[in-house]
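Quick notes on the structure that follows.
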Amino acid sequence: NEVNRDQAAESTEDVFKSQILFKGSSTLAPVLSKISTEFIEEYETWDKVNKDFPNKSLDIFVSAGGSSAGVKSVIDGSSDFGMVSRSVSDEEKGKIEGYQEFKLGVDALTVSVNPKNQIYKLKKNLSTEEIQKIFSGEYKYWDQVETSLAHEEIVVVTRDLGGGAHGVFQKKVMGDAQVKADAIQAPSMGALVTKIIENKNAIGYASYGLVNQNGGKIIPLDVDGVAPTKENIISGDYKISRPLLVVKKGTLLPQEETFINELLSEEGMKTIERMGFVPAK
Amino acid sequence: MKRTNKHLGIKLWSILSGSILIFLVLYMNIYIFSKGKEGLSIDFLMDMPKGFPLGTDGGIFPAIIGSIYFTSIACFFAGMIAIATAIYLNFYCTNKRIYGGIHMVIQSTAGIPSIVLGLFGYTFLVVHLNFGISLLSGGMVLGIMIFPFIEVKVEKAFQEISKELIYASYALGISKAYTFFKIILPICFGEIISAIALAGGFAMGAVAPIIFTGGVLYAPEPKGIFSPAMALPYHLYILIGEGISIENAYKTAAVLLVLLLVLNSFSIFIGLFRKVE
Amino acid sequence: MDHIIETKDLSIYFDQKKILDKINIKIKENKITAIIGPSGCGKSTFIKSLNKMVHEEKNATIDGEILLHGKNINGMEKEIVREKIGMVFQNPMPFPLSIYDNMIYAPIYYGIKDKEKLGNIVKQKLIIAGLYDEVKNNMKMQATKLSGGQQQRLCIARALTVEPEILLLDEPCSALDVKNTANIEEMLKKLSHQYTIVIVTHNLAQAKRIAQYTAFILNGEIIEYDETKKLFENPQDERTKQYIEGIFG
Amino acid sequence: MDHIIETKDLSIYFDQKKILDKINIKIKENKITAIIGPSGCGKSTFIKSLNKMVHEEKNATIDGEILLHGKNINGMEKEIVREKIGMVFQNPMPFPLSIYDNMIYAPIYYGIKDKEKLGNIVKQKLIIAGLYDEVKNNMKMQATKLSGGQQQRLCIARALTVEPEILLLDEPCSALDVKNTANIEEMLKKLSHQYTIVIVTHNLAQAKRIAQYTAFILNGEIIEYDETKKLFENPQDERTKQYIEGIFG
Amino acid sequence: MHKKFEKIFSNSIKGITFFSVMILICIIIFLIKESVVIFDEISLLDFIFGDKWNPVRNPPNISIFPMILGTLYVSFVAMTIALPIGVGAAIFLTSVVNEKMRKMIKPSIDLLAGIPSVIYGLIGLLVLVKFFEIHFDFSSGESVLVGGILLAIMVLPYIISTCDESMIKIAKRYKMASDGLGISKWHMIRYLILPASKKSILAGIILALARAMGETMAVMMVIGNSPIFPKLLGKTQTIPALIALEMGGAQVDSLHYHALFAAGLVLMGILFVVNMLFYYIKKNIDY
């Protein structure tokens, strides 16, 4: 199998590799697919990108599956790039020969509630301890958080506890405290946001990008007095954030390099911003 | 002796169940179609996904094509191995142990979560056999997923043919193969097609197996079986999962249902030309 | 060697139940052998074992040997055995096809393609079975719609299309009237010059009329097997005597 | 009025083909009537029309009247007619249930719940049909695994469980040996004191033995219908004569 | 010529069967291979019967008893709802509606089987979960009951389509014989068609159960995915949901990653045991 792969790699030297495959984080996947679609629409074939390239169709594919699946596919060589929406651990880096990473931007996790929940009017700000108490189940009812709120059970929504997004939240907010066992684990950011939209007692950490896309349907709260705004995220004042990365094994082929440059260009950054994330540059 | 009120229980039971069934079918379809009909247009069918983020605008043409490809490969692959296995078990296998063993394996793997099948496909087909993330890999994993469902139903269809009829053919010195094609297949044809259609629907709506093996967020129509492709359920999954556009998700679901309807009417159409026993 | 089939200690079980018990019989070539015995004694099971049809039953166990031309049929392919040993079942079972298609089913399999030839075979065999006149204008009718006796004759005609060496018939005249029965008996007598025929019948008169040899089975055992004349006129076993006198069975 | 069933100009067609042609017959109460005639002449079709079974065939057209106790059966519900007129088909068709369940199928319908009573009915009817001894230890066996003759007897026993006024039997002894046939005939004779019995048979001796009346059908027409004795000893029609002499059929 | 054809046919049949069984065995081996690593860290018994799941903690808890119970409970609820409705509906299709109606209803049942599970999940979330939140005053409607109802709808087509085909065949074949005894349609259904369809009903149950126990996306969206012991009206998690939820985020070759495969293996083991059970039931029916 190894041999097979090597031969395949060798032959790509002479036979131009017109296909680039991205795999990984479902947070990043829509971004990458947007940029790549525009890139493909603009140029159609590789020779139009650069005269040195042959006249071959531009095939850039984006496939989701989760950040770790992205890392796995890079290790296995089944994709050219991995998309990761958390930091890559040293252990993972060790498995990727000639590891390279490109930071596209930052995503913040906002502690958000349903607009029917009066808390954002009464108490716009939550401290880290309060969030800990809410998520760990120490506060069971909303009136424990703020006495004038209704005596209704708090519905905690998280992402999967083993995943990247929760990892960030755990590290930055929860510390050693554990999220309560009967919290709802949403299978995706979309589901998490849907749950907050649909349940007036829900609270969860919605991606900054999705809060912007669902303007008004969910309300982000301040954390320790810092609002999740672009400036605060860039400056690092808003602490619950994670990097959006593209990772690669080995050196880039010229055509891959062209596309990565496209990603990191002003155009690319604009797209990232329009998707609701904070661009790296 | 008047017995009009006998079996009232079973009558009520069946009518109630029938009504529930019809209600469910209508409810699900009307729900999806009513949510999805707005803005459902030819353009939506024939266009590429567009908008910002991708999928909020434009259409789902490549996903339709991709789904057709995925489902066809899955049905072809699963149909072939499932029918062959059913033939073997029902007409050739004489050893009770082997028979039981194969059954156990088939029925136990039927419940393996499709995501695990997807990972298996990823390891075995994508990486090991070097098929890459492609229509072929995805289609085959879908095929493996629906294989038990087709096998069990086809085998049941075979079992229900009167033994004496089959023996009547064997007694003329006629081979099993010939008996199969001339007597058994014509009788079971409708049921085989309906088994494949049912399982095909399952495959057409499945996401988990293709996440790792063949589905991508965006791709033009596939060029061959070694290209990755879009698929309707995957597209849906992303639209919903990343909260991109619930409206377009319903529209996509409505299209998927229409596609299924076409698939099914095809099977009914074939069934019409065959007479069952 | 004047016998064509021989069984040695043939025993057959369904599940654990013994149905046939150490059957030893030599069936004479080009003769008609009748198998008689009360209902449920194992007659059908016995003849079904000769062309390996019992082997298809999943719950059957077969002990002992069956020799065809002195060769154990276990070593032969089923299709070969059945091509040589044709069979008509007790319950007529026409295929759900037209009458014509029922008749050409086997010939086509055995390689006859020519339409005219096929037509001739169909006609000839149907005439032998005495069905031709009744169906000649209805060849395209579903065979399952035929009357009981017509189905039985169709199945006989169908078995003849294979041109086997040996013909096993399980109560082939059970649904037939006098005339048709006579017709079939006539045919069997004629065929017996070239073919070996084994016929199960509960009609003792029929056995007397056509069979050179008769075997009497009771509870899965062969009680007596002899020339028909001897068996009927001078039975050696008390039970045979009682049976043919109608006392018993 | 000594007849229980009467047909007036009864004609039956399958598709366009005329199968029965203006049948006029009066079937006597508490007597055994035999229907004879060559294979395919329409015997089964005739008796199936009496309890509206032909009405189930999609391609059948029925003209004329059938009167039960002087009332046209067209006006009656099928189930009622069939409760009064029981039937045993030519091809035994046991249900794919156990022997026992086959036997209690009808009694339960007719309102018998009591286990013991059911058990008694099963036993009694199986004894009448001469099957009890063979199956008494195997009541839970699938009925479809029985031998041909056993299935036939089971179906007779099953029909008896309905306790109908009239019993239609389509060649009920075709798969039975002498002893069982005699047994069934004995039973029919006994039953005929309370029941009306119509039996289709190709066994002329049987008709002679048990039937008080006999009808001879040829090509869908009743050629002759008379007391059995008269019909056999002194047939009025040349064709009847030829048939019972076995020349023709 | 036909001998050759028979040879080719039977050999290819055997070949393909061997091939397909090999694939399935490969899957099983794959599952085992990816699973066994964790048993260096934790014993099988602890893995199955322990009650804490938190694989990213240090030290990690990897026990899946709540998920096993969750899977069984949700499937059980689904089958209790789907089986009577499915068999009843099959009777309805065979006996109440006419041929034409049946031909119209049948494809729409297949349609029910083809609705993507994501859509089922979404409708479940927006309709069922919401319904329970509004009408029963649950703080959150995600529960075993909702999952069971949703799954019941999803597996209904499998039960119906396996049963009604056999029922129609039986009805056709034995109608004459039953009519001849003067017996009404409903008695025939109750005492002939139903008992004679036992095997098909069983086959339907096996398919439906496999589908129910393996279903991922839809269940995952409506049961809350909390790794706690299930209550009918409380949240829980099933094994497939667990795997799907965490697979994308579990680091390759971590204990977490392999524990997820081991959970899949356990699920297969459960199904194996259940099938064994059915096998013995079937044997008794066969007699």
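The first chain written gets the first letter, and so on, giving A, B, C, D and E; residue counts start at 1 in each chain.
As a convention for this text, a contact is a pair of C-beta atoms (placed from the backbone, for glycine too) under 8 Å apart; a residue touches a chain by one contact, two chains touch by 3 or more.
Computed from a predicted structure; not experimentally measured.
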Can you tell me the least number of steps between chain A and chain B, where a step is a move to a chain it touches?
1
Using the stated contact rule, I'd like to know whether C-E or A-E comes out ahead in C-beta pair count.
A-E
Outermost chain relative to chain D, judged by CA means, is A
Take the average of all CA coordinates in chain A, do the same for chain C, and state the distance between these two points in whole angstrom.
78
In angstrom, rounded to a whole number, how far apart do the mean CA points of chain B and chain D lie?
50
Whole-Å distance, C-alpha centre of chain B to that of chain E, is 15
Multi-chain contact sites of chain E, meaning residues that touch two or more partners:
2-3, 6, 184, 187, 217, 244, 247
Which residues belonging to chain A are in contact with no fewer than two other chains?
26, 65, 69, 187, 191, 194
Would you give the residues of chain C that are in contact with at least 2 other chains, written as numbers and ranges?
79, 91, 109
So in the complex, which bits of chain D are touching chain E?
51, 53, 56, 78-89, 93, 95-97, 101, 105-106, 108-109, 140-142, 155, 158-159, 161-162, 164
Applying the document's contact rule, which stretches of chain E touch chain D when the two form their complex?
170, 174-184, 187, 191-192, 195-196, 287
Taking the touch rule as given, give the residues of chain B at its contact with chain E in the complex, in rising order.
3, 6-7, 10-11, 13-18, 20-22, 24-25, 28-29, 31-32, 80-82, 84-85, 87-89, 92, 100, 102-117, 119-120, 123-124, 144, 147-149, 152-153, 156-157, 159-160, 174-178, 180, 191, 194, 197-198, 200-202, 204-208, 232-233, 236-237, 240-241, 246, 249, 253, 256-257, 260-261, 263-265, 267-268, 276-277
Interface residues, chain E side, partner chain A - complex
54-57, 125-126, 129-130, 133, 139-140, 142, 217, 220-221, 224-228, 234-235, 237, 241, 244-253, 256-257
For the complex, which residues does chain B have touching chain A?
48-49, 52-55, 122, 126-128, 130, 132-133, 211-212, 215-220, 227-228, 238, 240-244, 246
